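This is the structure I have questions about; it appears just below.
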Amino acid sequence: MMGLEEFEGLSPREIAEKIESMEIRGAADIARAGAYALNRSVKEYPGDDLEGLKAELESCAEMLRSTRPTAVSLKNAIEYVMHTGAEDTQELKEKIKKNSSEFVEKSLQAGDDIAEYGGKRINDGDVILTHCNSSMALGAIKYAWDEGKEISVIATESRPKKQGYITVRELSDHGVPVTLIVDSAVRYKMEEVDKVYVGADTIASNGAVINKIGTSQVALCAHESRVPVSVCAETYKFSRETAFGDLVEIEERDASEIADPEEFPGVQISNPVFDATPSEYIDSIITEEGVISPGGAYRIIKEMER
Amino acid sequence: MMGLEEFEGLSPREIAEKIESMEIRGAADIARAGAYALNRSVKEYPGDDLEGLKAELESCAEMLRSTRPTAVSLKNAIEYVMHTGAEDTQELKEKIKKNSSEFVEKSLQAGDDIAEYGGKRINDGDVILTHCNSSMALGAIKYAWDEGKEISVIATESRPKKQGYITVRELSDHGVPVTLIVDSAVRYKMEEVDKVYVGADTIASNGAVINKIGTSQVALCAHESRVPVSVCAETYKFSRETAFGDLVEIEERDASEIADPEEFPGVQISNPVFDATPSEYIDSIITEEGVISPGGAYRIIKEMER
Amino acid sequence: MMGLEEFEGLSPREIAEKIESMEIRGAADIARAGAYALNRSVKEYPGDDLEGLKAELESCAEMLRSTRPTAVSLKNAIEYVMHTGAEDTQELKEKIKKNSSEFVEKSLQAGDDIAEYGGKRINDGDVILTHCNSSMALGAIKYAWDEGKEISVIATESRPKKQGYITVRELSDHGVPVTLIVDSAVRYKMEEVDKVYVGADTIASNGAVINKIGTSQVALCAHESRVPVSVCAETYKFSRETAFGDLVEIEERDASEIADPEEFPGVQISNPVFDATPSEYIDSIITEEGVISPGGAYRIIKEMER
Amino acid sequence: MMGLEEFEGLSPREIAEKIESMEIRGAADIARAGAYALNRSVKEYPGDDLEGLKAELESCAEMLRSTRPTAVSLKNAIEYVMHTGAEDTQELKEKIKKNSSEFVEKSLQAGDDIAEYGGKRINDGDVILTHCNSSMALGAIKYAWDEGKEISVIATESRPKKQGYITVRELSDHGVPVTLIVDSAVRYKMEEVDKVYVGADTIASNGAVINKIGTSQVALCAHESRVPVSVCAETYKFSRETAFGDLVEIEERDASEIADPEEFPGVQISNPVFDATPSEYIDSIITEEGVISPGGAYRIIKEMER
Amino acid sequence: MMGLEEFEGLSPREIAEKIESMEIRGAADIARAGAYALNRSVKEYPGDDLEGLKAELESCAEMLRSTRPTAVSLKNAIEYVMHTGAEDTQELKEKIKKNSSEFVEKSLQAGDDIAEYGGKRINDGDVILTHCNSSMALGAIKYAWDEGKEISVIATESRPKKQGYITVRELSDHGVPVTLIVDSAVRYKMEEVDKVYVGADTIASNGAVINKIGTSQVALCAHESRVPVSVCAETYKFSRETAFGDLVEIEERDASEIADPEEFPGVQISNPVFDATPSEYIDSIITEEGVISPGGAYRIIKEMER
Amino acid sequence: MMGLEEFEGLSPREIAEKIESMEIRGAADIARAGAYALNRSVKEYPGDDLEGLKAELESCAEMLRSTRPTAVSLKNAIEYVMHTGAEDTQELKEKIKKNSSEFVEKSLQAGDDIAEYGGKRINDGDVILTHCNSSMALGAIKYAWDEGKEISVIATESRPKKQGYITVRELSDHGVPVTLIVDSAVRYKMEEVDKVYVGADTIASNGAVINKIGTSQVALCAHESRVPVSVCAETYKFSRETAFGDLVEIEERDASEIADPEEFPGVQISNPVFDATPSEYIDSIITEEGVISPGGAYRIIKEMER
């Protein structure tokens, strides 16, 4: 998780570029960076031409959205900030400023709440398995550790980008005993596991969880062994568009993340980044609004509308 | 698969060393190399002292066994070759020679038979998923291709040793269209898959299949999607010891195969090499004796005794 | 789906008769016909005696309800239209008129929305299996086709009434490639299927879907093969009564729909018309209010109350 | 179920003691007794010192809560009664009185509603299996019987306390044909069973049902045989705390309830009182607000907040 | 089932034609007719030229095989009859005669044994569901009825050929209470069913059962409801070819069996005749050699070889 | 397990009585006692009238069989002992004597072998759950303990006869840490369990295991949690009769074993003693012939015939 100060001084364009290059990454960081960028764009707007300001704002929003078209947290952050109803330039600037810091604050508070709710659900002695690198899931694990619970973690390396390396370092630095395994060892290790904690990129209105490739087979293995799966996710990761039929598109990234295609002439290399875990393999979704079953996703989306 | 000529001229000790260092690897190659080494060890034995020859033979067998204590194919090959009942030096030498070449021949024939039986079970248009690098599974796939069936293959990279690289090159060289994926993408890709073909290191008397780490979660994902799993394995991979209670021990290899431990101070790295797939996720085991259900494993073991 | 003009000129009694004889059939058509009939009954009421008018209205409602006592869409339509709070004859007539056309309009709009939401969830290249003849499910399929997606459909014949014949003609006329199969071939064909789309007669508060006999085994087969099942249903098919303990009664229709009983003396012929699909086999329910998981059914019912 | 008159004349402390000793037991009775005790404690408060009265009330509440710290119904009853916003002594007394009787009334009404909704869902000829002794589940069964349905019941003995004895006597006295079995015979008898009806101690926000030890394996056996499980529970058994991460702790009671530890030196005896049934094995939760799927638990909790 | 006298007087060619036109149908009748035809063909062979007789025999066998190329019972019957080792014309004629009547006798005896073993496994009061028209399954049901057990049967109509009509008439004539349903009503009716009894066309070496289209979804529905499925099949329905990799091809019959293609221009009609039920949904296979689990199929095949 | 010396001096009739009264109980003890009794009956036979001796023997066998008509081990023991082919009195006496001691010896050896094979399959650190009181299962557990493995056991009380009391005392006396639970706590405790070990009364030819009531739900709970179930059983518990269609009848014992019927007027009490665990929930059957999958049961029965 990045501190807000890390965005300080960056122009909206610079922020957009850092999101695109994945220098700024993780659904929460992207969302907060987007909120920050919008405020920055209006703050610096010179004149007091309302239409011009609105156009500027919309163009900034568009630039941000296009960096990661499938990132629902960014889309929701932009929507939150731009919901103003303002009628003059000054009011619009102030509303955007207010909304922007409100979003950032709420987002940080959500992280704290999820860490607490998720952490309380971890018992002394638990072995937690996690996949990829989710600040929400790790927040819950650290909360439990800080409460004095003797826990340990098994973390997958999460090919191709090996975000598992970040996870094991982060947990180890925090003092939590952690074991690194290859992604193929999940079912083998599941016998020792008490709970699975993962994050989410997007949650669909039917309760399906879109997250890092491999999450769905981790969840399947957990279900086969009666190990409950908890998904830690702020409400702005719930996708309103899915309620109206949009399917979450699974991004296919560059083959070279897996292997150098030139070394494998004639071989196709396929690199899907996410997969969808059906609700039947998820015990609980832990949001800042509370712990819900996946069946409650539509309700969260409807509440957000109000 | 190695040709026999590659063993030519190697001493039993050299063969043992190559097995240990995994220069000779793959259950079938190891078995044939062991059979070759035993013959070599008696052929070169100078005098005609029967007890001395027997001791030499036993010590060679022991040296071979200790290179890969959990390799059932090697153990079965040694047992096959050393079953002589010979009563003088000459007879023993001849019997060992005969048994040795018989084993090698049978082993090669078994490979051909399995390729045929397995290949016939692949339909035109099938998408086959395979894990790791099994010469038996690839033999069946190539057989189907050579019969003119339009098939394609999805191959996992099979961390940590990435034997999937060998697989995709081997298939691509053979002309078979093949796609490389990370191990985490198995469940995501399973929707496109018609059949799973894998090999086996050991088959237990209750029908469980011990194979490269990750096989069991591939099989679980296949079962979840009603995709049949075929295991291609010669009968000398069936373990008689498991019929008498031995559990197949899962080898834990060096952490450095996964990541450099020095870069991860305080982090444990666990590297199990195999896992066990329960019989309920296996549709068929394809042996040179025919296609059986996993429930028939005990029978194969009993037949081998005779 | 019938156009409204087809009801034009029919008296309430005639409409009731056509519903009973199944000349007007399909949950949506029945509902709209009911709404139309109620308006017609008040429009033609001569005097301005409020109590008389109310009695007339209630008697017309009763006549309609009795035609298909288990049709929740009809019951909900009548309730919608009759919710007036009117205090004089004129007001009542106007309210009924307004409610009646509002219901019809909303119902048609719901169909369009469901077609869109459902259609967006179909991918290029998908093979869709459908059972019986649901205008909602077909609407979604046609929407996807009209968007230029290359899809095809497998349709069951849906014994005993063979509504599948209507389905294949309707899709074929629309240009969609379609294959007709017997009901017993569903599991066999499921290997080729990407998604199942069906309609619903009634949705219970616990998320169970009551639909044409056979739907539940289609859904079971789909679940076995990890094929997602989408149910397309307007919110007025959700049954408030089930929230208060009513069980949806499964109508048993005349044996002669299956075979001539006289040809089978001594043989009982049983002809249940619907079955209940449990929520665990349903991925999504697509309503005009959005895409929900079956767990959200109670919420839809509660929202309707307001 | 106890009548209110049974609390008459008891002091708050006496009530607390009876709850602790389990003379007053059953989630509903405990809740009503708690509501009664709170009113009694303020009624008898001598002076008109507001702060003193509040302290008295809080201390009474604390005393009650400590008798059964995991009883969510008691906690919810106390919260209900103490939600007053009163600003002077008299107002507080009156509000407590009003809330207290309101809670009792609502609680009784809830029981009647659940009996009705649950009873309507039982068909003529049904064989119902029940576990332990739930007044809500038995209420539904008796309702169905009183409606003239020919049903019968299979009741487990429910070791260690054998509450099944109370169940079979209660049903037999009511005229309902009932069979007593040991807890181990549940799966064997499930072949004859049409529906399972049980109560609940606590319902978590993710839809898990915490109830008498053994409930979860009854539900598992029912699910294996496609027998629907209905849980009868008033809304005040839904735990708001679980929405914010609290896990329902499973009480471990005295070993001597199972066997005399002195007769088993060296043997540990473990006596967990509850277990958690995951939502996937539950067809419906029958509350006074209506029949919901377990996925609707969070909604019930949110509604209670308002 | 046909009596042998029905073949009397028919030439081999006539028999072949009747098999092809399905006048002679059912795996057992086909097999016996084939055995009869072979004997007839040698009996009538004029000279004593051994090679000529052999050629005649082989050509008759080929003619028979080509009538129903996928009928394993016919293939196995022919193999049984032609296994002679005879060295002169007379011996060959006698051996064929002996083998032919032996096969017929064994086949009839197998039917009796299966009826007995299968019938004993039916309990008083059982409701049996059957699909299509299997003389073996009906034999077991009638055996149970004749033993005085009060049973009843639910029979599917088995579209497209409606062999269920034959089944209900046959059972009704025998006195067994029987109910006819459409194929789509299987899951709905499964709640009342105690056991499923079906026949088999072919049993594969991995225990999969190939039978009339729809059998696999009947078995899936049974498994979902914990209803055991028994397959009644003589050992000559076990396919040795499948042990060596052959896949059982699923015959696709004429579209017009389902509907008149001319009435459905532009619509494809697909008419697969069989499907494969995986061994996991089969409780027992009842053969004349005894009751086995599907895992024992390979053993039966191996025993037949001896 | 009883020592043989405990039968010493008892007449055949006394042994029969002790079996009937369950003073001698447990499938192995019953079988050995039966073998002993047969020898005793011929040993004491006065004259040398062969027919008379045969009649005496048959009548003794009949008396023994009638004590526990469903005990397959007793039936198999009698069959084993009486298989003589003897042609004169002396020879018959000697053959019976020889067979009788052979059976006893083999039976004891089988127990040792099963303890060893089963014990080797238990790992250091395992938590084993067992149900009822099986000398075979406990033998395996003690073997593992004696090998120095740090294991512990969870034992159910096994209502109604509470054989779990014997189990916990026996294990505790042997030094094995053991915890007693009620039968309803099995699923709750399963999270801590690594393996389930149980015995068997009868094993059917399709691999189903008939054992103490409750075994099947223990196995179901184990399967749900991916905990492997091992059944320890000598080959003489495999029932040849089931291969020919006999169903294993589930004995219903006296209600008073559960509760005093007089205290529950109007209540039926049902006391089934065994249940059947389907093969899909059993990982391995451990016999003295080796570890098999349930699918191998028929083979064991066929081998016994030879």
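Each chain gets a letter, A, B, C, D, E and F, in the order it is written, and its residues are counted from 1.
Keep in mind that, in the parts below, a residue touches a chain if its C-beta (ideal position, glycine included) is under 8 Å from a C-beta of that chain, and two chains touch if they have at least 3 such contacts.
Bear in mind the structure is a predicted one, so any value in this text is a computation, not a measurement.
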| item | value |
| --- | --- |
| Labels of chains that are neighbours to chain D and to chain E | C, F |
| Separation of chain D from chain B in steps, with touching chains one step apart | 2 |
| Contact-pair overlap exceeding half with D-E, pair selected from C-D, B-C or A-B | B-C |
| Chain centre separation (chain E, chain F; CA means) in Å | 39 |
| Centre distance in Å when chain A and chain F are each reduced to the mean of their C-alpha atoms | 57 |
| Whole-Å separation of chain centres (CA-atom averages), chain D against chain F | 42 |
| Multi-partner residues of chain F (each touching 2 or more other chains) | 224, 280, 293-296, 299 |
| Pairwise chain contacts under the document criterion | A-B, A-C, A-D, A-F, B-C, B-E, B-F, C-D, C-E, D-E, D-F, E-F |
| Touch list for chain E against partner chain F, complex | 116-121, 123, 228, 280, 283-284, 286, 290-296, 299 |
| Residues on chain E engaged by chain D in the complex (per definition of touch) | 190-191, 194, 224-226 |
| Of chain C, residues touching chain D in the complex | 204-208, 242-247, 278-280, 293-299, 301-302 |
| For the chain F and chain D complex, residues of the former touching the latter | 154, 156-160, 165, 168-169, 172, 177-189, 212-214, 216-217, 220-221, 224, 250, 258-259, 264-272, 275 |
